[in-house]
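Read through the structures below before going on.
In the two assemblies presented below, subunit A is common to both, partnered first by subunit B and then by subunit C.
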Partner chain A sequence: MTTQFKVLERNHPRVDAYDKVTGRATYASDVYLPGMLACKLLPSTRNHARIVRLDTSKAASHPGVRCVITGTDFPDIRFGSGALRDRYIMPREVVNFVGEPIAAVAADDEATALEAIELIEVEYEDLPSVVNPLSAMGTGAATVHPELEDYEGYGFTLGHNVSTLLDADRGDVDQAFKDADAVVEDVYRSQGINQGFLEPMACVADVEPNGRLVVYASTQGPYQIRASLAGVLEIPVSRIRVVAMELGGGFGAKLRLTFEAFPALLAMKTGRPVKLVNTREEVFTMNGPRLPVTNYIRSGVMRDGTIVAREAYTIFDVGAYLGAGPNSGIGHGIGAYRVPNYRLRSYGVYTNKIYVGSYRASGVADMTFAVESHMDRIAHELGLDPYDLRVKNALREGDVSVSGAVVPTNGLMETLEAIKEKIDWPRDLEDGHGLGLALCEWRSGSGPSTAAISVNDDGTVSLLTGSVDISGSDTSLAAIAAEALGIPMEKVVVAKRDTDLAPYTGQSGGSRIVYSQGTAVQRAAEDIVQKLMALAADRLGVPEDALGCEDGRVYVMDNEPQGLTFTQLAAASITSRGGPIIGTASLSSMPYTPVFAAQAAEVKVDRETGQVRVLRYIQAQDVGTAINPMAVEGQLDGGVVQGIGRALTEDQQFDPETGAVRNPSFASYLMPLAMDLPESEIVLINVPAPDGPFGARAVAEPPGFGPPAAIANAVYDAVGVRVKELPLSGERVLAALNGQNADIDFDVEALRRAEGIAAD
Partner chain B sequence: MKQPLTLTINGESRLMLVEPYYSLLDCLRDEAQLTGAKKGCDEGDCGACTVLMDGKPVTSCLILAHSAHDCDITTIEGLATVDGLSPVQKAFVEHGGLQCGFCIPGLIMSATGFLQANPDPTEEDVRFAIGGNLCRCTGYARVVEAVMAAAQEMREGR
Partner chain C sequence: MARFDYLEPHSVDEALGMLEKHGTAARLVAGSTDFLVRWRTGFWRPEVVVCMQHVPGLDRIDFNDDDGLSIGAMVTVQDIEQSDTVRARYPALAAGATAFAGVQVRNLATVVGNICNASPAGDTLPALLAHDAQCRIVSSSGERWLPLTEVFVGPGQTALAAGEIMTELRLPTPAPNSGGLYIKHSPRGAMDISAVGVASVVSIGPDGAFSSVRIALGAVAPTPMRAPGAEGRLVGQPPTDQNIAEAARLAAQAARPIADVRSGAEYRREIAQVLTERTLRHAAATAVGGATDFEDIRRLAVQTAW
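Coming up: the complex of A and B.
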């Protein structure tokens, strides 16, 4: 590959690779402290009930048990992970889902803690409950949160179980529908999805002799869980130190406080270190997954394929609590297309099942399944080619996004052209084989970002950021620093961090780190370069503007042999007037930079069984400058495979009566294995971002959006049936082949009436 | 009550006192202080705990520690020598066959055991050989590439 860069756009093994391939990388569950106790949790067996009696006396007096806590041992403070403070860290009176932890035990070992859990006596008084979100919106349904209107953060009243409503409007939607040549209307449903990270939630809490709480955590947001812990334990942030251990996968599930408060309080009460490691069943039943989404979508289109109007009503089941903030689906109701008139609504609806959590751009994969399936439906209704329809309506530079930001230069068209060529679209295939497309869009993540780089006397640098590495970002940040400083990668040491050491930063999530944190690193490096230039001017006795800087060397522009290397300047800085050199940078937000990806699937459908096999899967994504191409491709590989799991096999199921998770294991929640998958085919498009570090765009989120729609569209192409519900299991596809796929009921009129919108 | 157990772990004979109900995985992690093998599910589904028992890959969470008495156990900690990484480890580093890394000790042990018995595999063979190891980050593409590269290097090195 030809490149203008010295370090970037070249493959670099991860800076943590040696630790990880030798088993030396230390995850939270690998922390063993002297005198450490084991913590176990008691789950609720009811999905909506008052706790009438919770007797822990037998458990507390069991030999080897050191402490038992329940909800009332915590300060009486409501806590929230999203827009609302809608829960207690452990319920005080009322449980809202099966699996909700209601007591925690610390004992000498895990077996004793489990024995003690069995000895806790609970009596419940059942309350009316509701599990289906569409029923929950109706009158007469049980109320999940009777005190909803009193919660801090609640902003409106639209129905007793509606936690949040996001809306976006543009133009005259109703008139545009009247003027349209055709109207296409669909309802899609996507399933519950578990994040599927391999490392269960784990935490070790310890109290220092001075009373300070130290938490060794498996987290994407050490500063965020520090703040939440301070809130639920009612202690100052300054009395808590969070050490972010190696993270064994999170994908959004570890963005916020999960179970850390339980071992923390037990450690505070016993004075001993306490370790909590979830079982896989607990991961499935206690920690928020994505919950089912129902999407009503309607478009007004002209005969030539121009989309003139869009209406979308999306119902996000949020379970017992708003564990993930308002869903981020709203902006994606029009997809990556220019739609002049739209009405978009996203409802978050409480039900008595496990609370909703974040997962790799929460909600956007659900929206993309609906929008991109619907695009093919429009194409077929109008007799147009699905590829041409996408090109015709695709966003162009200068268009205005749903957020109101203007779309800057981007590689959307190049991604479409790349997959068209690579999969050879359109193409006649044998019976049972089909091709399908999907277009995905996301934005590069923003948020508070900081970096500090110190120059060592041998010319190496130490890079300190507060961000947790969830995607190879430490390696990318090192590469950015090396490029900006003109030194090789090996000279950058990435420091392991905790909240006492590193400057504050936002969470690692939303494809944010390389784009935003990377910009902070670039600027911190530029800060160093400026300081080195000043030092060089001083040492060489020339004005700064007479100096040039290249390849880790500062030289006099009129006399190139006269100069000082980075290493010489670093050594000199130690005893210089200004002292050792540190470069720092901070930023609070970054400009809107979209990320576009086009994907194509080739599938084979077995008409006898309904089984879908993905034969080829191609993705083209505009990543801007690929900081570390190997890592970029790794993100694309992994993201698409998560999307293929979502399309075909993954399905978090809930009991319709109790809301309990019915398949809480890897044997029953089916994630893709190596032999289920085709070879990875990737095209990286590089249209440099105007604002990212050296032109890089975000990478990680879009790959997972496309597979459900691309594969559903390919199934339609293969066998002529349209499946609007995920996953596309053999059973579901076979039912569709037998003409048994009923349309999904959705009373859109009721929602329009609630807003005072007249029926058509 | 804890019972004496003799295991050869990474070439060293160890005598330990281990609870009768302990799995081999718990024994390695809690008693032998070898935390490289990971507990991803404790149900034999994820493969993160894979070690070699008398040369064959096993999910150590499903084996009672005492049933491995006198067996020869190799864990991820036993692969690298003072001279450097094993060919499989090296290939995972160079080909980017790892991300979060939690499943990697298991994947490397599965691949190591497989390649010892099957030095010249096809890509499909490799995909089936690691079919008991879940990985959520990589999508397996670079993992498969790494195992194929390691196989080639091991063949050429012989």
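Coming up: the complex of A and C.
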């Protein structure tokens, strides 16, 4: 790749690769402190029940046990991870899902803690419960949160189990449907999905001699868990220090407080460090996954394929608590297309199962499955080519997005053209083979971002950011700093994050680090360049505007040999009049910058077993300037692998009566392995973003959106059956081949009526 | 994660003595791949674990034409998968071994442990049934031989009494012109538990008809099972598509599948039929046409979407 840049658009191995590969990187579970205790949790066995008796006396007197806590040991304060304060960190009276931790033990070692857990006696009085979100919305269903209307953050009344409702409207939808040549209507359902990160939740809590709480955490958001800990423990933020350790994956599941409050309270009560390392079963049964989503979608279309109206009702099961959200899914009901008239609704519905969490652009993959399957349905209804239909309706520069922002320059069309060429669309295939497409859209993530860079006297710089590296972002941020400063990457030292040291920043999520945080880094570096120029002017005895700067050297423009290198200036700065040099920058948000990706799948369907094999998977994504291309491709590979898992095998299942997770292990929750995957085929489209560091766009979310629809569309192309429910298991595809796939029931009229919208 | 004492006998007799002494408080282990999972979940809580890793002589695979194949109790699934004798003469068993977990687990897991664990989904079990395995069982009071068909009594339950150890398997030498295959059906192509597994081992006589047929189904009943009705339908018949299809239908009818997180019951039955048909076709074709290359067996055994 030819490039105008010195550091960017070149492949850089991760700055932490060596430490990770050699096992030297330290994760939260690697923290060992003197006198440390082990923590274990007692899960609820009921999905809706009053705790009548919770007797911890036998456990507390078990030899080696130092402390046992239950919900009433915490201050009586509700806390929330999403829009509402709808839960206690540990239930005080009522449990709302099977697996909810109701007591925690600290003991000399894990085995003793486990023995103590078994000695805790619980008596429950069952309450009526509801597990299916569509039933939960109906009259007569059990109420998950009787005090919902009192919760801080609750803003409307729309049925007893509805936690949140988002809406977006434009134009005259009902008239547009009347004027349309054809109307296509579908209901799709996607499954529960576990984030599937490698490192289970883990943390060590300690109380310093001065009484401050220190938490070594596996987290994507150290400042966010500090704030939540302050809330649930009723102590000031300044009395808490969170050290973010290396993160072994999170994908959204570690954006917020998980279980850090339990070892924290135990440490405060015992005065000893307490470690909690969760098991995989606890990952599945205690920490919020994505829950099933039902999508009703209807389009009014003209004969030539123009979409004139869209109505979408999305029901997000949020489980017992709004562990995340409301979901970002709403605008994605129209996808990457221009639709002049729309009515979009997204409901969050409580049920008595594990609470919903975040996962790589929560909800958008579900929406994309519906919208992109529906696009193919429209094409087939109208007898049009699915590729042409997408091109015809795709957003163009200058269109207005659902958020109201104008779509800036972008590479959407180039991504479509790239996959068309690469997969050779359309093409005749042998029996049982098929091709399918999907178009994905996302916006570059924003939110509070800060960076501080200090210049060291040996010519290196130390980069301090509060953002946790979940994707190789440390390497990309170092590259941005190096590029802006005109120095090699090796001269940038990236500091580890610690809320006592780094300035506040938002969580690592939503593809915001390189785009937003990277902009802060770029500006902080520019701040340094400015200060160094002033210093150089001072030392060289010329005015600043007589100076040029290139390749880490400042020189007098009229007399190039006269100048100072970055290293010389760095050394000089330590004793300069202005003092040692630091550059800082902070920003609150970034302009709307979309990210588009087009994807294509080639599959083979076994007509006798229904099993689907992905033979090829191609993705083209407009990444803007690729800061570190190999890191970009890594994100694209990972996203598509997760998407293929979502399409074919991953399925977190819940007992229909108790809501309990039926498959809480990797032996039964099936993520794809190398054997299940095709070679990765990636085309990077580089239309620089108008904003963002050096023209970079966000990268990490969209790759995972496309596979469910692209593969479902390819299955249709291969064997002529449309499967509207995920995953596309052999069983489901075979049922469809046998003509046994009934449409999903969905009473859209009831929802329209509730809003006072007349039936048509 | 209950605590236990760990014992390492150095002979079968010593192991038998330990089992006798500790009775139901003891758990015998070989590769421990099933044991560790169940101990961690608290499902098994032995006070004493008797590990056979250091008993010499149990890790042998022997073959001669008269006695057939002998597999010792500590022979691993990987040993079987890598054995040229097994690949050449017992292709269904080689297929079962290669469809089993991944290399790391195969390096620890024993074939006899797979039997004694008695999961209906055990991947070596249909092939062992189809190859007519006999089991040598010893106790402090002596030894007995039991056909594998009589070992399985329920999910996780065998005919072994407390204090008994299975020390060896014998698989008779296949007749000339034999062929076989095992196919594993699971949602994922590797490292997955079978939703259905079927092994067929057949011999074709000089007249071109089936002279012997053994079909065994896994994961479709409380125990791995033979399908005698389907077998009987084929013996003496030529291997036509129609005969094979009819036998596959009978085999599927004999299944008693359940629904669980992996699969619905009816789907299991449908898959049992498809796999029976596919294994029979392959077995019949290779019985007369000669063995398949092992890489092909590997692919056929685990490949999703034919």
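The working rule: the second predicted complex is superposed on the first by the 760 of 760 C-alpha atoms of A that agree within 3 Å, B and C clash if a C-alpha of one lies under 4 Å from a C-alpha of the other, contacts with A are read in each partner's own complex, and residues count from 1 in each chain.
In the analysis below, a contact is a pair of C-beta atoms (placed from the backbone, for glycine too) under 8 Å apart; a residue touches a chain by one contact, two chains touch by 3 or more.
None of the values given here were measured: they were computed from a predicted structure.
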item	value
Partners on subunit A (subunit B, subunit C) - clash or fit	fit
Geometry of the superposed three-chain model: angle at subunit A (Cα centres of subunit B and subunit C, steps of 10 degrees)	40
Which superposed partner A:R170 touches (first subunit B, second subunit C, both, neither)	neither
Contacts of A:R539 with subunit B and subunit C, given as first, second, both or neither	neither
First, second, both or neither for A:P200, with subunit B first and subunit C second	first
First (subunit B), second (subunit C), both or neither touched by A:V641	first
Contacts of A:A667 with subunit B and subunit C, given as first, second, both or neither	both
Chain touching more of subunit A, residue-wise (subunit B, subunit C)	B
Subunit B versus subunit C as contact partner of A:A111, first or second or both or neither	both
Partner chain in contact with A:D16 - subunit B first, subunit C second, else both or neither	first
Touching partner for A:S471 - first (subunit B), second (subunit C), both, neither	first
Partner chain in contact with A:K392 - subunit B first, subunit C second, else both or neither	neither
Nearest Cα pair across subunit B and subunit C, whole Å	5
Contacts on subunit A seen with subunit B and repeated with subunit C across the two complexes	111, 667, 672-675
Complex contacts: residues of subunit B adjacent to subunit A	19, 21, 29-30, 33-43, 45-46, 48, 75-77, 79-80, 85, 89, 92-96, 98-105, 108, 124, 126-128, 130-131, 133-144
Subunit A residues within the subunit B interface of the complex	11, 13-14, 16-27, 29-30, 32, 111, 195-200, 246-249, 251, 277, 279-280, 470-472, 630-631, 633-634, 637-642, 665-667, 671-675, 677, 679-680
Residue ranges of subunit A in contact with subunit C within the complex	110-111, 114, 604-606, 608-609, 611-613, 648-649, 653, 662-663, 667-668, 670, 672-676, 729-731, 734-735
Residue ranges of subunit C touching subunit A (in the complex, touch as defined)	1-3, 185, 187-193, 261-264, 267, 270-271, 274, 302-306
